[in-house]
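Structures for review follow.
In the two complexes that follow, chain A is the common piece, with chain B as its partner first and chain C second.
Right after this comes the complex of A and B.
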């Protein structure tokens, strides 16, 4: 045949291909709009209920350890919005063990001339977490409204914090998928980092003991993507003594964490290719 | 000194070895044990050939296919497919091959066949005009017209396999690897798949590597058969040679309208069964060619009909494995 097998000039780049795959997955999800709407509403309601738990606590006691309801609501909103973004993007990694490793269809993915990360990101752009996203946004706005010293100009940090938080949670999902090459049993443990991270991120750092505080600062950079940016926006001095401007920079730690997890993923795939199991 | 691997062959494999290390008992600290899946295999497939790759389960077929597909790295040995080493540049390699795994789908369950092909167009970066041409050609040859708009999960197995084959060829690969392409298919679907692969090879010069348990696939398609067992190549020859070396046996059945007469048979032929109206003779065509034997029995009184048959291929392969124990 005269055609060259591959003409790079016409090939869609990674972004273009991601948009195509995401588009196809949205079409597939919206094929049953009723199901989608019910799931999204369910997602909204269940996540909102968990906030009522916190709200009733503060309603009863006014403030806890010097933290007011507005600050805690802002933290809650921030971590949930970030997690919802990661859930939307990282579905392919979340289901990797069950849908790719167990069934052997990861081999099929390797047969495609694209990066495995891109193909798994394109597995599904999940619409359902829109419930958590909207609910988190709603609580975030309410929290900012109620908080006493909001720096309105500092709110520019919020999208950056959401991006850092989403990157961190996506990193957790990628790390979880990388672990699936070793075992697909007992990976619920990783949920401690995702759902547990969301729970922990909802509370100010000082409410935790030293061990957990260190963990969510230095291992999983949860404090860097939620707590410090929130302090920065709310102009709330850090009881642990760090300067306030740290919150404008710290979301970068979420991307650093993602980078480490991507590296771990590449190593895990290389290991899979050489061991075949 | 080793000579460099030939580049005129589509596939070249030299002294390929793969050892799996498995953990016994599945625990983290358990002992490990090595399993040799490929114990030094060498072969090459010239461009445009259909080569059958057969062997029992656990013989090493799947391992070899995975290595050739670029999704598994061997322990040692050299491989070139289209001039590339599959595992050193997976992306460049898989862009130029097509692979069909009979038991796994490469399409998307929730998309229609047409949508899936369009997504593959973008994954492989096929130009729109070439895609339109290939899609039309494949839809015609594989009779996909009626199922383009159906969701993959709604297809029958036969329809799905035809769609899978189209999906594996949408980017004009030079090499097609078919792993059990007819498994579970009904007879008409099997025939359709075989006819298509035959045409693909004839009209487009595509090199095909075929693994199957269905010996009729091999008989219908493969010009050449590589038999693998215990991680080694047991035979690599034209199919007819394999048949001749393993079993030089033909069967001649004679039907009579009355009680069959007593026979005197030439050397190399013997009567193996006698019924009220028929006789079965087994013969070795190297000692007594079929025409000579037919001439010998053709004048028998009361002979109605005669048929010559060859032993089934399954029988040949079974005996072949029995002759090459572990």
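Right after this comes the complex of A and C.
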């Protein structure tokens, strides 16, 4: 049917377009397989070493308010796996300030008849975080293996929690990119919410003071995507008194956070003034 | 032998480090966040297990963390950025042509880069975590003063040695960069090693007892861990002399090995680009 301009074979839907961009990005990264393998192994070892620090701390002091190293391992694994997924998807937002706003090449994206979010997601599907992902998964499985009360329902809640966590971290990256419309250059302070979020998410919520607890519950819903789902999976009663089923629902907060950030992004794009090129 | 070229190299990199004022403020916010998270975690584990005899008291562990955070940019995380660029573009060949001792030339630049980054951040964070925290009523979380006047002076000597030692390790990353023609390898190896072995991740005295002697005698301990122990007045096996001795030993050993490696590298260096 050569005279049908909008036949499905000629126009890619959003999913097809994304798949094609992602495929191109993966091929490009595997052009240097040696570099890729070394970087992935480096990523795996680095993140695993950071777990050795927490392990040493708990090894010396024993369990804290019912949290032993096994349960903390589950928490640590969960936050790392979620962050690795967001890191893989959100590279375009991470480099947005330097590569799109400062250079003015965001103008070109605006000319394309597609969502800017989709085009930026397709900037790169980064493979390097696979090191963090695998070590997080490894620590998570080990933690669940050691914990006494894990039930089969954990298998349903864990992917849901990882998805919620990835959505939340992706929301942070989108928010960071939206800020670039004002600051032009990327703001590294936002790393406090990404890497700093991972750092805070790997400890039980009860270890922190009240201001930090409130911040990572109500401002950045870190507790909703990591701490409460982990409590649910481990069948561990909440020392702060919330019922245990909260953990099965709370990862939705990660998606709500992502929604707010997408809204902020669209407002920011609407007011975009090019820096010229 | 004139010192002037080395002082010029030092002065240039020192100024580059001081240029990025917004980066200093951003770094301060990040260091305070990581400091706060770590401090609360330590406070919680110490309070949950009051009868555990830890090698550091809670206050000492907090002070250790603050100093460690403030000296983060003093760690040898990777090669000198200028050398990474030079290796990639091939302009490293100009360094070979200079009528100076290349080791000292690169070393003075590396040292200045570390100090130019670390000194403003350290002073700023020390003010915030020390006197300012006291004033706003967070005295229990603040940076404790040094154990005594003598330990303060010895700690200053030790931190100077530590900075020099860090620059010597950076020299190792620089040579690695010149060999592999890419700075990425030095960061991939250097950052995890430095963060773990210097005590940035967890104070070295808090690791399990069986591994502590090894952690003390490896070279990265000389950068920040030994100066902080002297500052806190916590016993180092064999006393302060062992601490300073270890630093001097590693400085001498790494300089010797580094110079040999550099000579061998320069002799067979292949430069890319034109």
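Basically, the second predicted complex is superposed on the first by the 259 of 277 C-alpha atoms of A that agree within 3 Å, B and C clash if a C-alpha of one lies under 4 Å from a C-alpha of the other, contacts with A are read in each partner's own complex, and residues count from 1 in each chain.
Going forward, contacts are C-beta pairs under 8 Å (C-beta built on N, C-alpha and C of every residue); 3 or more make two chains touch, one makes a residue touch a chain.
As the structure is a prediction and not an experimental result, all values here were calculated from the model.
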Please indicate which partner A:28 is in contact with in the superposed arrangement: first for chain B, second for chain C, both, or neither. first
When the two structures are overlaid on chain A, which partner does A:17 contact: first (chain B), second (chain C), both, or neither? first
Given the touch rule stated above, what does A:212 touch, chain B (first), chain C (second), both, or neither? second
Going by the contact rule set out at the top, does A:235 touch chain B (first), chain C (second), both, or neither? neither
Looking at the overlay, does A:107 come into contact with chain B only (first), chain C only (second), both, or neither? first
Of the two partner chains, chain B (first) and chain C (second), which one does A:192 touch, if any: first, second, both, or neither? second
After superposition on the shared chain, which partner residues are touched by A:274: those of chain B (first), chain C (second), both, or neither? first
Touching residues (chain side chain C, partner chain A) in the complex: 23, 26-27, 29-30, 33-34, 36-38, 40-42, 44-46, 48-49, 52, 54, 184-185, 188-189, 191-192, 195-196, 201-202, 206-208
Which part of chain A faces chain B closely enough to touch in the complex? 1, 3, 5-8, 10-12, 16-17, 20-21, 24, 27-28, 31, 103-105, 107-108, 110-115, 119, 273-277
State the interface residues of chain B toward chain A in the complex, per the touch definition above. 18, 20-22, 63, 66, 69-73, 87, 90-92, 94-96, 99, 101, 104-106, 108, 110-111, 115, 119, 122-125, 127, 130, 171-174, 204
Would you pull the chain A residues touching chain C in the complex into a rising list? 35, 38-39, 42, 45-46, 49-50, 52-54, 56-65, 187-189, 191-192, 196, 199-200, 203, 206-209, 212
